[in-house]
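For reference, chains read A, B and C in written order, and residue numbers begin at 1 within each chain.
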Amino acid sequence: MHIVVCVKQVPDTKIIKINPKTNTLDRRSAPAILNPYDAHAVQEAVSIREKTGGTISVLSMGPPQATAVIKKSIEIGADRGYLITDRAFAGADTLATSYALSKALERINKELPVDMVICGKHAIDGDTGQVGPGIARRMDIPPITNVIEVSEVNLDEKTVLIKRKLSNGYELIQAGLPCLLTVEKEVNQIEYSPMPNMIKAARYEPVIWAVSDLENVDRAQLGLKGSPTIVGKMFTPPRPEGGKKIEGTPDEKVKQLLDILLEQKEVLTLQSSKQ
Amino acid sequence: MNFDDYRGVWIFIEQNDGKIEGVSLELLGAGRKLADKLQVPLAGFLLGSGIKPLANQVIAYGADEVYLIDHPVLKDYRTESYMKGVMQLVPKYKPEIILYGATPNGKDLASAVATDLVTGLTADTTMLDVDVDNRLLEASRPAFGGNIMATILCKKHRPQMATVRPKVMKALEPDTGRTGKIIEESITLKEEDMRTKVLRIVNDVTKKANLADAHVIVCGGKGMGDVQNFQILYELADTIGATVGGTRDVVEAGWLPHELQIGQTGETVTPKIYFAIALSGAIQHVVGMKNSELIIAINKDPNAPIFDVATYGIVGDALEIVPKLIEQFKQLRNEKGGELSYARKI
Amino acid sequence: MPEKFDVIVVGAGPAGTSCALVCARNGLNVLLIERGEYPGSKNVMGGVLYRAQMEDLIPEFWKEAPLERPVIEQRFWMMDKESVVQFGYKGLEWGVEPYNNFTVLRAQFDQWFAKKAVEAGALLINETVVTECIVENGKVIGVRTDRPNGEVFADVVVLADGVNSLLSKQLGFHKEFRPDEVALTVMEVINLPKEKINDRFNLEDNQGCTIEIFGDSTKGNLGTAFLYTNKDSLNIGVGTTLSSMIKSKMKPYDLLDYLKTHPMVKPMLAGGESAEYLAHLIPEGGYRSVPKVAGNGVVVIGDAAQLVNAIHREGSNMAMHSGMLAAETVIEAKFRGDFSESSLNLYRQKLYDSFIIKDLEKYKDAAHTFEKYPQYFKEYVPMMNKAMSKFFTVDGTPKREKQKEIMKSVTAERGTIKVIQDIYRAWKAVK
């Protein structure tokens, strides 16, 4: 069983700040991390490998320092990692990203046939969730998004049983291998990496590929050139008028609020407990 | 690609078990405005099995045309079969704009379709407009999880596509007198060609913690200080029959499970009363709650953006105000007897 | 099979990283273990990096290290409630190579520094807590971490685990520090545009300024406050010994708030935006608190060995230098194939021969004196302010008379004999 996990390095949006005057990112205080959903994707691959055996490769696209997220993936338990990095990839939107990653997957697949691709549900810096399904389409394998459980992997039948989250519950899907999954955080708990993994990761040198290392690449589909979407403008939405501020001492404020809720609008009512 | 060949605004009508999803009706409302501005017809496209009766509802909610493909293989949503359906319709009829609800299925379908159509797709849009002169869709969404919106354009490819957050747009009042054109397409699909099978669909509403259905929500932010302090929000919620939710920060800090997160990457809610307590009101949060009927904000910082969307604001320390509020409500309950709950004024 | 390294260094602060860097450069197989998310994520210092010791490790580091500003001016403030007496030095020679010292943001600098050690061949592992040293037959042979399969072995374990060095305490090298041996420092990074900083501190381009503040900045308690200029932010912080904090029932946060709103400080910060808040313990016990620093298969460096000069606010330079001395010792021990206490005690000797212990020895009574006799901070600083105010106020009184009045008021407040005693005691403490 060969599982490829696609991972992305993202600024930690928990910490990221926007400069209110210039509307630009203050990246100084935002460390780059492995996209949290992708960490769950790697962990899920590790859990599957525990049952089926096999190899886990991770694949990322980004600047040279994105090797950090590959090392992080090795800590979680991946066996090897590939980074595609090239100026030609810069400025890619989701369409150009899925194209570049699928080209790298083609090469990985040639070296060792891929049975499953796992991605995080979305990256926290873009929140789109479009790259995973895009890769699946380009590889012509079925995408299964919003996965909350991989219930069974049957290598003889070449099938998997998947729980997929819906707006109102979940569905149980059987899919043929190879397929692509995008996972929710609920899919697993990230385990605390054992020390040998940590040492392995610290030593590990990811395989680095430029565009020239990939075959049959149409450069027009890469990076900014290959991206149909562009950011038209960034803006802070006009601040609405705002409501009424309730003034007074804390006690007076609470009293007034109570009046509003109970009397003026009658939105909260007392109902007899006997009813 | 000749852009003039592409005309019309299309909405993906998502149906589950023969019932149209709310977001699709909302998108018909939003799409109506775009279509009118561009002076083109608004169409809904509908895939499924035995779904013909739904066409009239799509028209009643604002569509001029309904494209539908009715096939047994399309009974449950699957990326591969639904994609084939869309790929049958879109290259043939060439709409210039396609909108999908940003539901798991809507996002899944749009992402796959965008790859095959080789066109741009904007995710989780919360504002829509068109530049009529250039016939450009202006799809805006909160960016970087922060206080800023980005407008995404797709200038060189057609159709222009976007997924749109549920409960952000408003559906029109249905008009059953409206008439429209129904165009049915046929498709060749074989079950044995499908690589995925839906074995079972489980509707599980309990796990949603009823945030979506709550009439009153008490939502807390990181300003509560720590998880112990956060507990008083549960007491307030219990007192007035509300459901507790939290901001992204609070969920990331592990004070609340993910399904109770309100905002761009969590739930979008539209309760009657929304208490926003000790949260600043970052855009990514506000898009998930701003359509609440009555918003009460409590925050120490008089300049917090949450006061802009609040109906009533109290500048003060939540740790001081909330206990007083609980005490007052409890006193009232004790004096008069009974339980507090939301009731619509008649 | 658990791995065996030549050296395991616990803690990737300035001390640990220096040691790992030098060991790795000399071909040793080094494992550097850091508890934080990345080196620097858990570290705090005022933010002054001394050039000399850093240059011993990486020549001309200023050409590539993430530094904020070279410090060209050092000011000292004796602050009272509504006044301040200031002196200091500003020299352009500090603004050109080889520089004197720099302001740095630790989160960035430590990461860069650790990267240098990694480039030299050290293995860095983050987010891993060393829970104890593995001791066999009285010899440290490795460490146990909180990770599954968490044991790793080495010829020598270098403890650079910071002020509260639990690991050396477990080995019985030192007892729990007394509250008067450690200071609690709280610090905030405040974002402010570069132009505003340059205007307010009278600086040009990338010139930097540091201000050390005594007196009312700690409400008269033993300790100091500081205000340093970064590129487009300020570091403001205040530290006092734990003991005086306990005695005066103060909270460090309140003290920092007090400082930030002090009329002498507030205008410098106006319009700034708080970006980060940090709190950290700093060892200030000095000479008398330096514990046992070498054992069988183990050495202790940096803050873990209490190597901080509280009077001059030097710590990171001592940490780096001690790391380098430890590395040299380990390399020699490796050459001899002898990692016993007597072999590693060479490090202790190197330490005592260096400026580190010499400086600590010089000031060995200072902190003690200032803590025992609070009048230096509580009374003399306000007195000095009053004296200056009187002296410089033009009201028709002859200057000679003013001098007399000032002297009279000083001796009246403390008594002539006491004043002489105080001066002698202070001189003795720092001579």
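The working rule: a contact is a pair of C-beta atoms (placed from the backbone, for glycine too) under 8 Å apart; a residue touches a chain by one contact, two chains touch by 3 or more.
The shown structure was predicted, so the numbers you read here are calculated from the model rather than taken from an experiment.
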- Message: With centres defined by CA atoms only, which chain is the most remote from subunit A?
- Response: C
- Pair of chains with maximal C-beta contact number: A-B
- Report the most central chain, judged by the distance from each chain's C-alpha mean to the global C-alpha mean. A
- Whole-Å gap separating subunit B and subunit C, where each centre is the average of the chain's CA atoms: 53
- Averaged over CA atoms, how far is the centre of subunit A from the centre of subunit C? Could you give it in whole Å? 41
- Note on the structure: Cα centre of subunit A to Cα centre of subunit B, whole Å, reads 20
- Query: Can you list the subunit A residues in contact with two or more other chains?
  - Reply: 17
- Of all residues in subunit A, which touch subunit C in the complex? 17, 26, 29, 31, 192-196, 198-199, 202-203
- Show which residues of subunit B lie in contact with subunit A when the two form their complex. 16, 21, 76, 79-80, 83, 103-105, 107-108, 110-112, 114-116, 118-124, 127, 138, 143-157, 166, 195-205, 207-208, 216, 240, 249, 252, 258, 264-265, 272-273, 283, 294-297, 302, 305, 307-316, 320-321, 324-325, 328-329, 332-333, 336-345
- Query: Where on subunit A is subunit B touching in the complex?
  - Reply: 13-14, 16-18, 20, 23, 25, 93-95, 98, 122, 124-134, 136-138, 141-146, 161, 164-176, 179, 185-186, 227-237, 239-246, 250-251, 253-255, 257-258, 260-262, 265-273
- subunit C residues touching subunit A in their complex are 2-3, 31, 37-38, 41, 123-125, 128, 145-152, 191, 275-276
